[in-house]
Amino acid sequence: MSLENLFSLDLFSFSPLAWLAAAFAGLFFILVVIYSLNFMKGRKGLFRYYLYTVLTLVLTLGVIFADNLLLLVILWGFLGLLLYLLIGFGRTPSTPATARKALLIVGGTDAMMLLGLALVWFLVYGPGTGLSGLAKLSFSTVTIPVAGGLSVAAFLLLASAALAKAGAMPFHTWVPDMAEDAPIPVTAYLPASLDKLLGVFFLARISLELFILDSTLGIVLMALGSITIMAAVMMAMVQHDMKRLLGYHAVSQVGYMVLGIGTGNPIGICGALFHMFNHTIYKSCLFMAAGAVEKSMNTTDLHRLGGLAKLMPLVFGAFFVASLSISGVPPFNGFASKWMIYQGIIGTAGNGWTWIIWLTAAMMGSALTLASFMKLIHAVFLGQASPHVTKIAESSRPGTPFALAAPIAVLAVLCILFGVFADRIPFGELFSPVLAGEPVFPGLWSSTSATILILAGLFLGMVVYLLGSAGKTRSVAPFIGGEDLDARPSMRVSGVDFYSTVKDVKPLGVLFDWAERKHFDCYVVGLRFADFLGGILSGLHNGLLGRYVLWCLAGVVALYLALIG
Amino acid sequence: MSLKLKALLKSPWVFHLSTGSCNNCDIETLDCLTPRFDVERFGILLAGSIKHADVLLVSGSCNRMSAEKLKTLYEQVPKPCLVVGIGTCTGSRGIFIDSYNCPVPLDKIIPVDAYIPGCPPKPEAIIAGVVKLIEKVGKG
Amino acid sequence: MTREQVLRDLGNRFGDDILDIFVKSPKRVFIKIKPRAIAWVGPYIFRELGARFNIATGTDTPDGIEILYHFTLEDINLMLNIRVLLNRDNPVITSLGKEIEAVNWIEREMKELLGITFEGHPDPRRLLLPDNWPDGVYPLRQDYSEWDETAIRTRGV
Amino acid sequence: MGRSVIPIGPYHPLQEEPELFTLTVEGERIVEVDVRIGYNHRGIEKLSESKSFDNSTFVVERICGICSTSHPFAYVRAVEDIFPMEVPDRAKYIRTIIAEGERIHSHLLWLGLAGHFLGYNTVYMWAWKLREEILDVMEILSGNRNNYAMFTPGGVRRDIRPQDIPVVLAKIDSIVPTLEMLRDAILDDPVLHARLKGVGVLTKEKAIEFSALGPTSRASGVARDVRKDSPYGVYDRVDWKMIVTSNGDVFDKAVVRILEMFESIGIVRQCFEALPEGPINAGIESIPPGEGIGHIEAPRGETFHYVRSDGTNRAIRHKVRAPTFMNLPTYKATIVGETISDATIILASIDPCYCCTERMAVRNHRGRLLYDGEALVELSRAKTENLKRRMGRT
Amino acid sequence: MILLNLLVFGFLVTSILGLTASWVDRKVTARVQYRVGPPFYQPLVDIIKLLGKETLVPTGSYRSVFLGAPLLGLAGAVTAASVLWMNQIHPQTGFTGDWIVVIYLLTIPSMSIIIGGFASRNPLASLGASREMKLVLSYELPFILAMLVPVVHSGLSIRLGDILLAQREAGAFAGNLSGILAMLVGLLCIQAKLALVPFDAPEAETEIVHGPLIEYSGTGLAMYKLTKNMMLFILPFFLIQMFLGGFSLAGWGILWSVLKFVGVLALITVIRNTNPRVRIDQAMRFFWGPMTVIAAVSLILALLGL
């Protein structure tokens, strides 16, 4: 088959949105490679590492541009395998288990996707069409109104794959584990950017191109989104490890995108897609900053960090910008997209009162995100230096190599640009065909003028400063009642137990307890269930011949009953 | 007199340091804030952190442990700051002059701008002392 | 229980350890015992007789260093004062602080002010004196004299 | 994991006097606590050995400004205990009046500070406003707001003038309604209940183990009060009851103190009614060798003084034990497991007085006068200065 | 135009009114406590004095963040104030969604205090900042719910101008049952936003010595004090716009506006003087428990049209 034929088969489609996603994927590829040059230096199997990275990009581009569903599913499956292989570059003892977990969850949902595809095929062509029909399914030709059990099932099966890839609940648990164990560039590359792009992009396409959703399914999606936002961010708040904490945020932010898509109105969807792009920017930035910290301090344990802002000011600045973005503080990019999602949620008010819950969850989620990032900023960059940090700072002056700093800085600048000039972005053109037309904005958050306002406020503050004596400052020891702080290194709030008071609030404490015992982890619950079944089955195998004969007899009787019944 | 100095005299926030006192001067200092004396009239507030303070009210006979702290704490006050010794102990160490744990008088540790004698000085005396000091500074 | 009963009881139990009983007034009784006996006499009075521990007074006397343990039996309004006399050159006694919480602090205080060693004290850190106070200088000893050359003892403002 | 040390002190708005508490916390919860005192240690025990028996009352008065009656009271009782002697009746009554007046002012002071520590400044201001009235009473009776200098071995220094009595009684009557209002406001406030009940519980067993004293132990159900157990002054001749509660938490400690104020007011009134005529001083000529112990119930608990005399006019040993010395270590039993916010009020709930704790008033053998001429001149100058200022300003 | 508005209304008018509000608060407090209280120029004098004092930076801290954090807070307050004033003066010109923007902006002063506390390299400041953050978390939920009530009443518009116009037509929302309930919740949330007793745990002077502000002196402290004073005006102003129909600036309306403002301020002051400080976990329980329930109930009532 020649290349011409391939295109004539509608294997690929090139929409503006796909080009945009591809551009982002390319950008992240470049940044991650630059970053890896320094970060992965000296590790084993670097050739394989870069090979896998390139392969991932190629497959990702394939998925982005794929119009044919079968092709998409096949490429998608390979991506899962690459994820497994890339996690394998981690060096912690729990890496193999994490890789297995990711493979099982992603692979398992791939199987569900395949089943969903089969259902779509069944819905479109009915029984009796051959495999040729399966190969012909494509986004541009198929449109299924969601009505009746089968179509709902098909949608949910396909959506589950998208959610697992993006890391939304209930398939999220591989993301935090991976964030902790996999090398940082891999985390920044896959769950933080490419997988998010793919997952949410795919979810948007199936929700808007392939299926015509009714409001009930929309509510299901919105509920899922809200739960993801709240639950993941609550978990993030109490984490003790920087990377794991960021991993939970990677989950939480997906909630906003799912929520936005669930609204079903143009502005909400537009917000969701915009948020998707924004998220890839700031989350990669955050992960890369965490990598820079890990590189110089050899740990991401919050208890052993602190006071790094002085040692790595650039990383701190970028991290600070990115964390304000992710918390949705105006005028950064996270606020712009979240603001659109809020609008979208209020737009669904016609469908009943549930919008209040989603809106509250979304806004509260932002506050909680801010809270957990404040904890991070305190525990890692500000606050007091831990003995560990002091020791390293004394022995070697830790700096940030250019290869690490450049991608971080670029992403931080992007955070600001996308936020400040959000009102200049032609969403209608960029996000077609998913948006199906220009989104109706009931009025726009004029981010540029707001930025001017805030800058003017800062300027005013500077003027006040100049009136005062801030120019000439004097450095004195901190006041802790007259004691000498430097003589008492234990007098330091590490930030690990920052929010343990939250656990004291009754019902939340129980939930946290359950979460810590992994009652909400589909993988662990699945394993436990399998163990349970296995336990029953192995109980049946006691090695006595008589017992086996008895089972055989029982089987025969059951068969017989079934046949005559 | 500059505007800033004028403002300083209209709003002196006091921080209160006890260096081994019998508590009486401290209690009388606190008493100044309460309804009968109400020094908030003059803009005087009790500061919690020494970095907010403009006036240090020192009481007691400076025993060894607190004298050490006194030096570090004086460093931590934003200047300009005034130091007022309250009670006879700060001036002459009173009955504690022979104590083995009170080796040096206050003015050998930090510079003192005014003493308010009395054992304890009455709240009226404390207020009068601080106001007089302010007047003195205001005149130059 | 009356005062006579308490004294008789103490005499029966610790007859060998008691050196002298002096009934000063109906409310005050001074009992002198051998120093090592405090390890069992003290807890007996505190736990069995249910007395309240007031305080202990350490004194540097010409005969040696003396410790008075004051206990109060409130129900019969009696103050039992247990006196022990220690060698001035090497004042060592068993600590009660490990058994009776209330004795903990005063033993720390006597250690640093009088130089008495309490064997087995759970927390023998400084209590009152500054950290830079020289070792071996005990302000409550009668032979204490000024050690700090920088001290200023003149008046003048 | 995640433990950090939080300092309270040495110079902290919680404490008027410097002390350093170090709280080891996990989040906000306290897992360990330690204290370093000694910022207030002035060696009074040693100083006191250098003063004559008469002069020492001034030294012990300056152990603590709030307990400036309790220490002299316990001290003169210790001196009177060295040899058998009887204090005149009128002196006993006057001593009781002064002691109870001090109790009221001390409890009001605590109440105000407790309010301040809880951020409840209105209570602070109101309680201290009432306290001013009591201080006026004390000024009328003794001539000074604090450091009354009323006590001397054998009796009291100053008599109460008959024309003052109605004024004093009127003042005391005038505070009772406000005090009752304050009592009701505090004991019924739901937010205060939420903040104080079940917080910092000192169990009865622990109170006995630590030999806790005064309101601290009475709130835990230990019914001990020197005024009842070993009556002195005229406490066996007036009618009053001991306030005992059982929970041992901060709230109960507050309850005990508030209710005790009403008992004290009752005692003062009865004393004024029954005040007999007669001498106020037994006139002790000299003090024979011997040792004496005086203990009285101060506002914070039993104050204990031990005096040993060798027949000269100075003591060779003077031991002072303030109630806080025994009460303070109970923080070990009450603070662990609570939060930092509660730690401050728990520490305050024993009504700590570090200057008492670190007293060490000692008399010196060589016996130099406490107030030499120079110092006296200085003092009087200060007083004149004060008077002038007051005249000039108000 | 926008900048002029920011300078004149957002900064000058707001700070003057804020300083006055601070004086009213202190004076009323003093009267409640049988005291005389400070003269009316006292808050201004405090700020000028602090500007003249030396600025100290704790050793080992990150200087630029330590000094930059107060700027952030002032900028947030000024921006929020100018948005509110713009809507007050020209209710038609606001942009949709400024309701969300203002709610975000109102948390920025808290955030700047938190960051400043973190940068102080002081355990007590860290502790206070963590409490402040927990307090933000706890009041944010009921605050959003309560502020949704006017949104519902004004026909689901998240434009402040629409909310104001709707009240001009139909009367203040506080006239409804749901409005009253929501305003009550809003008032208590404001109390917490201002970190006043009973929710002053972050700055509890007698526990953690002014918490995040412990290390600030001179100019930095002046900025924080100014921001706090401005917030003392901005937050009641926001509440008045949401529930009491905003201010009217013509004729006798001015008197009526002043009455509204002083009324809200007096409520805040009285609450702060009749309560002890609650623990931070109690505050969390209070806001996530009863306050959220009341806010939700008022929201349901609002949806039912009550």
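First chain written, first letter: the chains are A, B, C, D and E, and each begins at residue 1.
Just so we're on the same page, contacts are C-beta pairs under 8 Å (C-beta built on N, C-alpha and C of every residue); 3 or more make two chains touch, one makes a residue touch a chain.
Remember, predicted model here, so these are calculated numbers, not experimental data.
With one step meaning two chains touch, work out the least steps from chain B to chain C.
1
Could you tell me the least number of steps, going only between chains that touch, from chain A to chain E?
The fewest touching-chain steps linking chain A to chain E number 1.
Chains shared as neighbours by chain B and chain D?
Joint contacts, listed by label: A, C, E.
What chain lies closest to the overall centre, CA atoms only?
E
Determine which of the two chain pairs, A-D or C-D, is joined by the larger number of C-beta pairs in contact.
Counting C-beta pairs in contact for A-D and C-D gives the edge to C-D.
Measuring between Cα centroids, which chain is at the maximum distance from chain A?
If we average the C-alpha coordinates per chain, C ends up farthest from chain A.
Centroid from C-alpha atoms only, then distance chain B to chain E, rounded to Å. What do you get?
Here the centre of chain E sits 35 Å away from the centre of chain B.
Roughly how far is chain A from chain B, going centre to centre by Cα mean, in whole Å?
That pair's centroid distance is 58 Å.
Quick one: chain D and chain E, Cα centre-to-centre, how many Å?
Inter-chain centre distance comes to 43 Å.
Residues of chain E that contact two or more other chains, please.
33-35, 51-56, 123-124, 127, 205-206, 209, 214-215, 218, 280-281
So which stretches of chain D touch two or more other chains?
4-7, 10-13, 18, 28, 38, 41, 43, 46, 125, 129, 358, 375 - these are the residues of chain D that touch more than one other chain.
Quick check: what residues of chain B touch more than one other chain, meaning two or more?
As it turns out, chain B has residues touching two or more other chains at 34-35, 48-51, 63, 65, 69, 73, 76, 78, 91-92, 98, 100-101.
Going by the touch rule stated at the top, which chains touch which?
A-B, A-D, A-E, B-C, B-D, B-E, C-D, D-E
Which chain A residues qualify as touching chain D in the complex?
It comes out as residues 240, 303, 480-483, 488, 490-494, 496-501.
Would you mind writing out the residues of chain E in touch with chain D in their complex?
Where chain E meets chain D, its residues are 29, 32-35, 123-124, 127, 197-198, 200-201, 204-209, 273-282.
Which residues, counting only chain D, touch chain A once they are in their complex?
Going by the criterion above, the answer is residues 1-12, 18, 20, 22, 24-29.
Help me check something: in the complex, which residues belonging to chain D touch chain C?
37-38, 41, 43, 45-46, 81, 84, 208-211, 224, 229-230, 291, 293, 295, 302, 304, 306, 308, 316-317, 319, 321, 325-326, 328-329, 332, 358, 360, 362, 365, 374-375
Please output the residues of chain B touching chain C within their complex, sorted ascending.
My answer: residues 63-65, 68, 91-93, 97-98, 100-101, 103-105, 107-108, 115.
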